[in-house]
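Presented sequentially are two complexes of chain A, the first with chain B as partner and the second with chain C.
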Partner chain A sequence: MHSPVSHGQGWVDVRTRLLAVIVVDLLLLSSGTRFVQVPALLVLAVLLVLERAVRGAAWIVGAWAVVMALSRWVLPQVPGGVVIMTALLYTVPYVIAAGYGYYFVRSTTPSELTGGLNRMRVPRFVIIPLAVMLRFSATVREDAAAITDAMRLRGLVSPAAVIRHPLRTVEYLVVPLLAASVRSGEDLAASAMCRGLGAQVRPTTTARLGFGYGDALLGLVVLALASTAAI
Partner chain B sequence: MNFRAGDLVSLGVFTAVYLVLYFAINMLASLTPLLQPITSFVTIVICGIVFMLFRARVRSTGMVALMALLLGTLTLLLGHHPITLATALVAGVAAEIAIAAKRAAPAASDVLGYAFFSLWSAGAVLPLIFLREDTIAQVRTQMGSAYAGSFAGLMTPGVVLTVVASYFVAGLLGGLLGRRMLAKHFVQAGLA
Partner chain C sequence: MAEGMEEGMEAGMEETGHMAGARAIALDKVTVRYAARGEPSLRDFSFEVSEGECVLLTGGSGCGKSTVIRLLNGLVPHVYEAEVSGSVSVLGHTPAERPLQETGRTVSTVFQNPRTQFFCTEPLSEMAFGGENAGADPAGLRARVARVADRVGVAHLAQHSMFTLSGGEKQRVALASAVCDQPRIYLLDEPTANLDDEAVQELRSTLTRLRDSGATLVIAEHRLHYLRGLVDRVVRMDAGRTAQTYSSADFWNIPGQTRRTLGLRSLHPPATAKSPKPAADEHSGLVCDHPRFGELPFPRGMVTALVGRNGVGKTHTARILSGLEKSPARVTLDGRPLTRRQRTRRAFLAAQDVNRQLFGPSVREELTLGRQGIAPSAVDAALRRLDIDQLADRHPLSLSGGQQQRVAIASALVEGREIYIFDEPSSGLDYRAMQSVSGVLTELAASGKILILITHDHELADACAHALVSLSAPSA
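Moving on to the complex of A and B:
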C-alpha cells in the first residue's frame, strides 16, 4: 500500500533536506539581494533530477527562462509592459520557493518524515498533522479534480455557473470534497492507530536515517547559496 | 499539550483541504498582487465550510489555535512575512476564547471564533502599518521607485485596516455559510 520513494543517487537524510529547504526559502523570500535566485534555481533543478523528477526540473527552468526572456526583450517594447514585467519578476522567488517545497514533498515519505522528526524529539502535535498533510494533500487534490470533473459532466459546474450561482457552485464542489476527505481521513486515522499512533513511546522506524556524503554536500551547497545572498 | 492522536489526524486532514482550497483560489491573484484582498475574502468565506465541519467533529480545546499556527507556519515557508506567525498565534488564541463562550450562544460563538481565526493571514498586510518605512523600502529595492510610489499611495494604513476588517467580515460570512452547509448536508450524512 505504501510504495517507497525511489531516491536514485542523491539520497540525503530527511532532516538535512528539511533544514536546507527552510534555509533556502528564507534566503529567497527575505529582503536580501536577488543574486541568490539563479544559483538556487540551478540547485533546485539538480535536486529534482536526482529525485527522478526530470519533467518538474525542466518545467521550472523553462518557465523561469521564459519569464526572464520576456522581461528582458519583449516587455520593455510593449506599452504598459513594465508593470507586467515587475509583477512577473515579483513572483519569481515565490515560484522557486514553491519549487523547493515541491522537491521536499516529492522526496519525502510520511514514515521518513515521522522518523526524522521523532529523532529530533519534535512534539507529537507537530509531527502528526505534518505527516498526515504530507500523505493527504495529493489525495485531496485528486479528489478535487475528480469531483470537479463529475460536476462538470452533470452540467452543474461551469464558468457561467460560477458567475450566476456562485454559492451553489461552491456548495457542489466543496461539500463532496469534504465528505470524501473526512471518510478517507477516518480510514487513515484507524490504520495509523492500529500501527501505534498515539502511544506514549516514540516509535522506531524502518526509514533510512543518518548523516552521509549527500548531507555534507547539500550542507556545503546551502552554505554557498547563503554566501551569494550576502553579496 | 495532551492532544488526542485522532484529533491531530483530523487536524491534518482538514488543514490539507483548507490549504488546497486556499491555494486554488489565491492562484487566481498571482498575476496582480492587487487582486489579493478579493481572493483572500473569497477564500475565507469558502473555507468557513471546512472550519465548521472541523469544529463539529473535533471539539477539544486548543485545536483551533493549533490549526491557525499550522497554517501560519506553512504559509511562512511559501512567502508570507514572518509576522504571520504572530498574527496566527493571536488569531488562534482569540478564536479559542470566542469559542469557549459557547455556553452563552453556541452557534454565534463558533461563527465569531472563525471570524477571529480568519485574521491569521493578516500578517501579509500588517507590516504596511507597523513597519511601513522598511516594507516600502523593500518594495523599492525589488520593484523600482515608480512601483513603490504607487504602491505606497494605494496601501495607506487606512486601506490596510480595511483589508484586515474585511477578513473579519469574511470570517463572519464564512462561518454562517459553514453552519448552513453543516445543517443542510453534513448532519444528514452523519459526518457532523
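Moving on to the complex of A and C:
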C-alpha cells in the first residue's frame, strides 16, 4: 500500500544503526589500535555527512588531524611533550566513539527509536527513559543555545571573559540552564504523558522500519572495520 | 483501502455526538493550593459542561483558568503537586485517580508553550504519537494523519523538523495532533498566543468543525474576538472564583467601557492595520537592507511594529538586527554601518522566553553583572523607571514573566542601549499586562530610542505602534 505520509529516516533502519554504533564503539574501545581508528573515523565522517552534519564531520576529522600532527612533529620536541602526547592519544578512541554516539542521536527520532526497540522486544522500562532522554537532550541544547545568545547580547561571553573568568562564565550559563531545563522537562513530560507515553498498551509505530540495501551496505562496512581490528 | 480508513475516521468524529446533553465535566466546590504557593489558585470553584458544549474561560493572568485545565487533564495533581479538595468528574471519572495516559485517551490538551509540547521531531510523527501510544493500526493511523494534516492546514510543514518551525507553526501542529487523537473533550490553553491572523481564522474553523461533530470544548483565553459565534457560554474568573457566567449573547454585547473595567481584551476583530510604513531616513534611526525583504526602516522615537505571517522570518530578522545571526544584510544606525559585534552592544532583544536571559542572583546585581563603572544611582533610576525598585533584592527567576521582562529592559537601559526589540511580548498577557507593556514601549520611544515590536497582536500594535513594517515572502 502506498501512503501519502512518509516519515522516518532514509536509508538505514534504526536497528542497524544502533547495532553498528555498538559494534564500532566496542572495537574502538577494546582494541584501540590506530588500524581501526582511521577507517572508523572516515566511516563516521561519511555517516555524518549523509546526515547533513557536515560541520560535525569537519570538526572531528580536523581535531583528529591536529592531534596526529602535534604528536608526530611538535610534542616529541617539547620537554614533557611525551606525557601530553600519551594523554592525547589515549583519548582519541573515546572521542571517535563519542562521535558515533552523536551520529546516532542526530540521526534518530524518538518515534523511530521507540518503534525499533519495540520490534526488538526491548522492555518498556528501557525504551521510555531512552526516548525521553533523546527528546530532552534536544531541549537542553535548544535552551543552552538561547541562553548563550542572551549572554552574548548581555556582554557576558567574549573571548576575554572566557579566558579571564572561565568558571564565572560557566556559572552564568548553568544556573539559568538548570532552571529552564527543569521547567521544559516538566512541561515535556506532562504533554507526552497526556498523549499516552508510558501507557499500558503496547504501542505501534508509523515510522518506516524495515531492512534494505542500505542496511546491507552498512553491515558490510562494519564487518570490514571488524576485520581491520583483527589484524 | 485508504478510503475505508478515512470513512472510519469520519465515523469516529461523528460518534462523539451520541451523548449530547449528558454531563461531560463537573467540578464541585474545588479548591486547589499548589505546593509552592500559599494562596489557593482555585477557591470553592464549581463548573459544569455538557457534552457537545463549547465554553470559554476568561479572566486576568493568575485568575485560575490554567488550573481548571490542569484539573481536567489530570496534570493537577499528577505532575503539578497541589492540595485539591472538592470533586472533579470528567466523563464520569476522576482524573486524579486514573493514570494520565488513560485520561488522555478521551481528553486532549493544546498547551500554551509551543516549544515544550511536542515529543517527536517531525510534525507527522508528532500527530501520530497519541495513536501509536494507544496501539492504533499503523496503516490506518498514517491515513488519518495525512487527512487531518490536510484539513487543519499543516500538510505543508510535513517535511520540516519541529525544531525549525516557528512558534505559531508548532502551535498549529499541536492542534492537528489533538485532532488526530480523536478525543471527546478538547482543552485549549491560550491557543492563539503565537498565531497570526490567518492561523487564528483556521483555528476558528477547525474549532467550529469539532464543535459541529459533537466534541466538547473548553477554551481558556485572553484574546477573545475570534471566539464570537463559536462559544455557547462564557465563564469569567477572578482570583480563583467564578466572577460571572454569561450566555453567549450577553457576553458579546458587553459595552466597551465595562469590558475595559473588567480587564477583558477586545470583543471585536481588530480593524486592519492602520499604521503607515515609516519613511526611510538615511541619517536617523536603524535601517536594515535585507536581501529578502528589501529596506526595513526603524526610526528613532517611534514604536515600529514588525508583522508578518507565521514562519516568514520575523524572529530571524530580529536576530540579524541584534547581531546574533550572520547575514549579508547591511545594517546602519543614523547613517553609519554597524558591524555584527557593534549590534550586539547596541541592541536589546527581549526573547519569547525571558527567563532564559537573566543571570544575576538578584535584580540589582542583574543590572551591574559583568559591567564596570555603573553608578548605583543609575541602577536605582532604571529600577524606578520600570517600577521594579521594590523587587531589587529578589532573585530574577522567582519573578513573574511580566516582571522578568521589566528587569531585562532595566538592564539594557542602564547600559544606554538604543535599539529595543521585543519578540511577541504579549503572548499570555491579559488586558492590564498588555496596557502596561504598551506603556513601557511608548515611554522608551518617547526618550528617542528605537523600538521594534514583533507581534501578531493587533490590539497591542494599535495601542502603541506608530508605524508598521510588514514582512512578506517574495512571490518569486
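Simple rule for what comes next: the second predicted complex is superposed on the first by the 178 of 231 C-alpha atoms of A that agree within 3 Å, B and C clash if a C-alpha of one lies under 4 Å from a C-alpha of the other, contacts with A are read in each partner's own complex, and residues count from 1 in each chain.
The working rule: a residue touches a chain if its C-beta (ideal position, glycine included) is under 8 Å from a C-beta of that chain, and two chains touch if they have at least 3 such contacts.
Small disclaimer: the values here were computed from a predicted structure and weren't measured.
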Which partner does A:A189 contact after superposing on A: first (chain B), second (chain C), both, neither? both
Thinking of the overlay built on chain A, is A:R152 touched by chain B (first), by chain C (second), by both, or by neither? second
Of the partners chain B and chain C, which touch A:Y172 in the superposed model: first, second, both, neither? second
By the touch definition at the top of the document, which applies to A:A160: first (chain B), second (chain C), both, or neither? neither
First (chain B), second (chain C), both or neither: which does A:P110 touch? second
In the superposed arrangement, does A:E142 touch chain B (first), chain C (second), both or neither? second
Does the superposition put A:V201 against chain B (first), chain C (second), both, or neither? second
May I ask you to decide whether A:A98 touches chain B, chain C, both, or neither, giving the answer as first, second, both or neither? first
Contacts of A:L29 with chain B and chain C, given as first, second, both or neither: first
Where chain A meets both chain C and chain B, residue numbers: 175, 179, 183-184, 188-189, 192-193, 197-198
Chain B contacts chain A in the complex at 1, 3-6, 8-17, 19-21, 24, 30-33, 46, 49-50, 53, 57, 66, 70, 74, 77-79, 134, 138, 141-144, 146-147, 177, 181, 185-186, 189, 191
Chain A residues within the chain C interface of the complex: 1, 3-5, 7-8, 109-112, 114-115, 135, 138-139, 142-143, 146-147, 149-156, 161, 172, 175-176, 179-180, 183-184, 186-207
Contacts from chain A onto chain B in the complex sit at residues 21-22, 25, 29, 31, 34, 82-83, 86-87, 89-91, 93-94, 97-98, 101, 123-125, 128-133, 136-137, 140-141, 144, 167, 170-171, 174-175, 177-179, 181-185, 188-189, 192-193, 197-198
Chain A partner, complex, touching residues on chain C are 1-2, 73-75, 78-80, 99-105, 107-109, 111, 113, 115-122, 124-125, 128-139, 141-143, 145-146, 149, 158, 163, 177, 181, 319, 322-324, 344-345, 347-349, 351, 353, 355-359, 369-371, 397, 411
